[in-house]
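Pasting the structures in now, so scroll down.
Each of the two complexes below includes subunit A, the first together with subunit B, the second together with subunit C.
Our next item is the complex of A and B:
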């Protein structure tokens, strides 16, 4: 069984074509949207789309490190999709350029004279200033690309040579890498997403987005594994047992995200302080309250109720529907976090949909290319045999 | 995932250690565990240990007696620090309990086999820790016989006493649920082993007592089926409790408006701290226990290594919490927030903050090294330090926030009295007393679960594997 090379099936090429088509459609729609609403909305929508897809890549990198440390059948079958997502990080770094170009529109604190007019911005100036902001961004990406590319390189070597020492090396890097991931992502989401409102702060911000990244990474991984499970070679490998385990993880991350969201809300609501309460006042007025309700119902209640069922988690098709659905809801969550800071009344436009599609196209194209060029299972992983016989135990 | 018994692609010795040492069969496992409570002679070490623990427990009685007769004035709490040792110790004990629930519930759902031999005494630890914790909210009222009036969530038709918007009332709900589910889970998990004890006991009294406790267990297929269903449901019920109890405890502070208490990260940060403290206590108990009762075959280096890793991971989360508090304390640009962090770091209680950082952010970094995790003496000392560190964490949160509030005119200092210390040390006595009794009368390791780790048991389980 282990002599199989697990080449990717046609469907992965299909995924790549879907990605390219999404780029084209997304760009056309972006053009349409741009002509309707202009540059200001462009940057805001771009921030949502970019942080979402970057989050999928980063969440995948984090899960990749977790599975290097923990082992387990779920990690063996999910490793290549996670690696494919993490491989997009260099391009994601390049895609920061529009954020740089749009800094003036996105970050009020970057304006000249903003600090003089606002004591809070003045107090934060040692942290929130353009050179330091850009320097941090360079540092984040350097760290992420270094970690992910090293893991990918060793993983490829493991396929080729079967050197048992590589598993240890990957585990060691992953231990330290998770610490780096946690700290860098915390500061990165503070920079890119929290500072769109320089008055707002919450110590929960980092964990909130890390939980969201993990959720999105599982959702994408499950969607792709379901696709792969339809044809050889993975149709011989993946069973409902694998999907049951993965479904439990999806469920766990969904609950974690909800738990953190609710905790932050309850604490801010109870204290009702002037620095914090506006964050929720903005999101409970001007039409955004419907987005809030939608998140509660469709990002939490409905998928939660469905994922409680064992049959839904084991039913491969139903799990994919929920996974794809959750990816869509993740975009809505990012929109909900960002948009009210720019427009006090809800006014979603074409460009808010166009840019997540366009950047998703870029992501998927790269993702499929990576998936295609490597065996779909880590050939020399110590846990491979066990993962292949997961249903027997 | 299920059978990850042999570690994952690593060459380190502890990782490859089995969860059950080789050379055992059904009989040797049962004998090794069951002979401890059934032994006629009480080991002299047990007697001495119990006497020490019981002495401390008596001290608790004295401290509480004095409190009830005199009033809470004997404690050091006073304006501005109106809440001190009572809630520090409450949170400390509740936190310690969490490891037991995590081991027995979450690791069960994740089919982690290494939980089997440590779950029984970890659950016992949970229940005893909750018992110690409960003493503080009960007695801080000063008139505990009236406590039900203020604390118990009875129907509030008069709109008078229970303030349902207060997290202190949620605490009563959360902790009573937690205690109830933990006791039921612990007891249900013990029923098959109680039957084993009944069947092996020689004296009539023991036969009768274990017989009653085993609830008529005969080991029939139907009994086992019901047992499996019950334990899965109880594990499902316990899982949210791991999160909810300490989340509600964190709300006691976080829903306020006080700098240092009002932080949105508190819920997950408290939960991580609870698991961290809990695993430290499990290690503190397990390391001497396995030597004293020669249980090294069941609580192997693999268990020790895994627990040390959990301690490292959760300790890192706690350290992350400290970093976030410090950074956002500054980033908030709120002068009161900034002062709070500054006061913690440089104020009169700075020693407690830096000791806490030295332990919970510094010392635990040694756990990255396999050699440290394999050094039992060192690990034992470190686990004691973690308990100290987590106690200091609650001390820092409580006292540094309260003693210097918004108005410098109302600043003050907090000095605990001898009664504070006697009550705290006394609860450690209560905890150890209960634990010594547990060791003497109850099989400390789940015999029937550990027996399923044998290869002989695997053959059978292929057909009847419920999921």
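Our next item is the complex of A and C:
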């Protein structure tokens, strides 16, 4: 079976067409939304869309490193989708440009004279200033692109040469890479997302978004693997055992995200300090309370209850529905984190939907291109044979 | 007599033989293996275990018990004003309720497992076969029991030998 080359089926080209269509539809809707609400809402919606899709790429990169270290059948079958997502990072870096252009609208602390008028911003100025902010962003992307591109390069070499030393090299890089990922993502989400309100702070912020990234990465990976499992060659490979494993991961990351969300809330609620509490006061008023309830019910309670069942995790169709649903809810979560800082009453507009679609189109197009150009399984992975016969332990 | 036991060398041989036995119409059998083989359960036991439902109920009772305990203590019996918060501060109740959910689930799972599988069991006929001690190291066994309606000493012994068994033994009751 290992002599097979696992070429992509037609459905991957379909995914690419879906991506291109999403770019077109997203851009048209963005135009409509822009004419309605203007630049201010554009940047806010762009921040949500960009951090969400970048998060999918980063979460995939992190899981890629985890599977290089841990091995396991789940990692072998999921590796190419994870690599495809991680390959989008250079373009995601370019897509930072609108954030730079919108800094004035997004980050109050970047205003001329903001530090003089506000003692808290003044105290944070050594960290929150435009040159350092941009320098950090360049550093984050340099680190992420270096790690991901090196892993992708070695993975390609492993397909071609079968050199067993490459697995060790990828594992070594992944060990250090995960440390770099954890530190850089913690700082990055603090910069891009927490600093939209320079007065507020939470030490749970980094882990919270990392859990969300891992959840989104699994959700996308499962959705794509379900699609691939419909046709040859992957229909001969993927069984309900693989999906059962991936479903358990999805469940675990859902619990982790919920745990961190709740922990942050409980700590702020218990302390009830004026520096922290406004974050939740904003999100429990002005209509945002409905988004809060929706997150509790539809991002946590319903998918959690469904994923408890073994049959749902092994039922390929049911798992895909939950995975796609969780991707949508991830966007809602980002919206809930960002929007109340700009508008105290809930007023979603076309552009809040348009930009996640447009950037998702860019992401999916690149993703499908990468998936198409490489075998769908790592051909010389030491765990491949075992992953192919996963039903017999 | 309890049944006829066949000895196999590999997981795959045991799985194949079990499939063949089910295809041949045998219904009362049990497999013994030194490692868990998830697939085997689906082949031999058509009925799914009811344990998961008990565990779910146990977990929900734990959650209700934990929440009620705290509600009773902080709202009904010993209400205390802490920083002007409402007595029924549900966010603070979540973690103990969650812990009791886990505790009740785990206890239900452990007790329910013993209740359903009949352990501890001081005597079992399979141990009358000397080779069976290998079931805890590297051999795999399939026993077709005499209570099976299709059981026939000669035919069943032949059937198991035909499945590539390394040895077929009679199991005394």
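Please note the rule applied: the second predicted complex is superposed on the first by the 393 of 393 C-alpha atoms of A that agree within 3 Å, B and C clash if a C-alpha of one lies under 4 Å from a C-alpha of the other, contacts with A are read in each partner's own complex, and residues count from 1 in each chain.
The rule we apply is simple: a contact is a pair of C-beta atoms (placed from the backbone, for glycine too) under 8 Å apart; a residue touches a chain by one contact, two chains touch by 3 or more.
What you are looking at is a predicted structure, and each value in this text was computed from that prediction instead of being measured.
Participant: Based on the superposition on subunit A, does the combination of subunit B and subunit C result in a clash or a fit?
Facilitator: With subunit A aligned, subunit B runs into subunit C, so clash.
Participant: A:266 in the overlay: touching subunit B, subunit C, both, or neither? Say first, second, both or neither.
Facilitator: Both partners, subunit B and subunit C.
Participant: Which partner does A:227 reach: the first (subunit B), the second (subunit C), both, or neither?
Facilitator: It touches nothing on subunit B or subunit C.
Participant: Of subunit B and subunit C, which one touches more of subunit A's residues?
Facilitator: B
Participant: Once the structures are superposed on A, label A:18 by its partner contacts, choosing first (subunit B), second (subunit C), both or neither.
Facilitator: A:18: touches no partner chain.
Participant: Quick check for you: in the superposed arrangement, does A:114 touch first (subunit B), second (subunit C), both or neither?
Facilitator: neither
Participant: Is there a shared patch on subunit A that both subunit B and subunit C touch, and which residues make it up?
Facilitator: Residues common to the subunit A contacts of subunit C and of subunit B are 266, 270, 272, 392-393, listed in rising order.
Participant: Mind pulling up the subunit A residues that touch subunit B in the complex?
Facilitator: Residue positions touching the partner: 69-74, 119-120, 123-124, 127, 164-165, 167-168, 171, 175, 179, 182-183, 186, 190, 201-207, 244-245, 248, 259-260, 263-264, 266-268, 270-273, 275, 381-383, 386, 392-393.
Participant: Which subunit B residues qualify as touching subunit A in the complex?
Facilitator: 1-4, 7-11, 109, 243, 247, 251, 254-257, 262-268, 316, 320-321, 323-325, 328, 331-334, 368, 462, 465, 467
Participant: Considering the complex alone, what residue numbers of subunit A touch subunit C?
Facilitator: By the definition above, subunit A touches subunit C via 241, 262, 265-266, 269-270, 272, 308, 310, 391-393.
Participant: Report the residues of subunit C in contact with subunit A in the complex, numbered from low to high.
Facilitator: 11-12, 15, 35-39, 52, 56, 83, 85, 89, 91-92, 94-95
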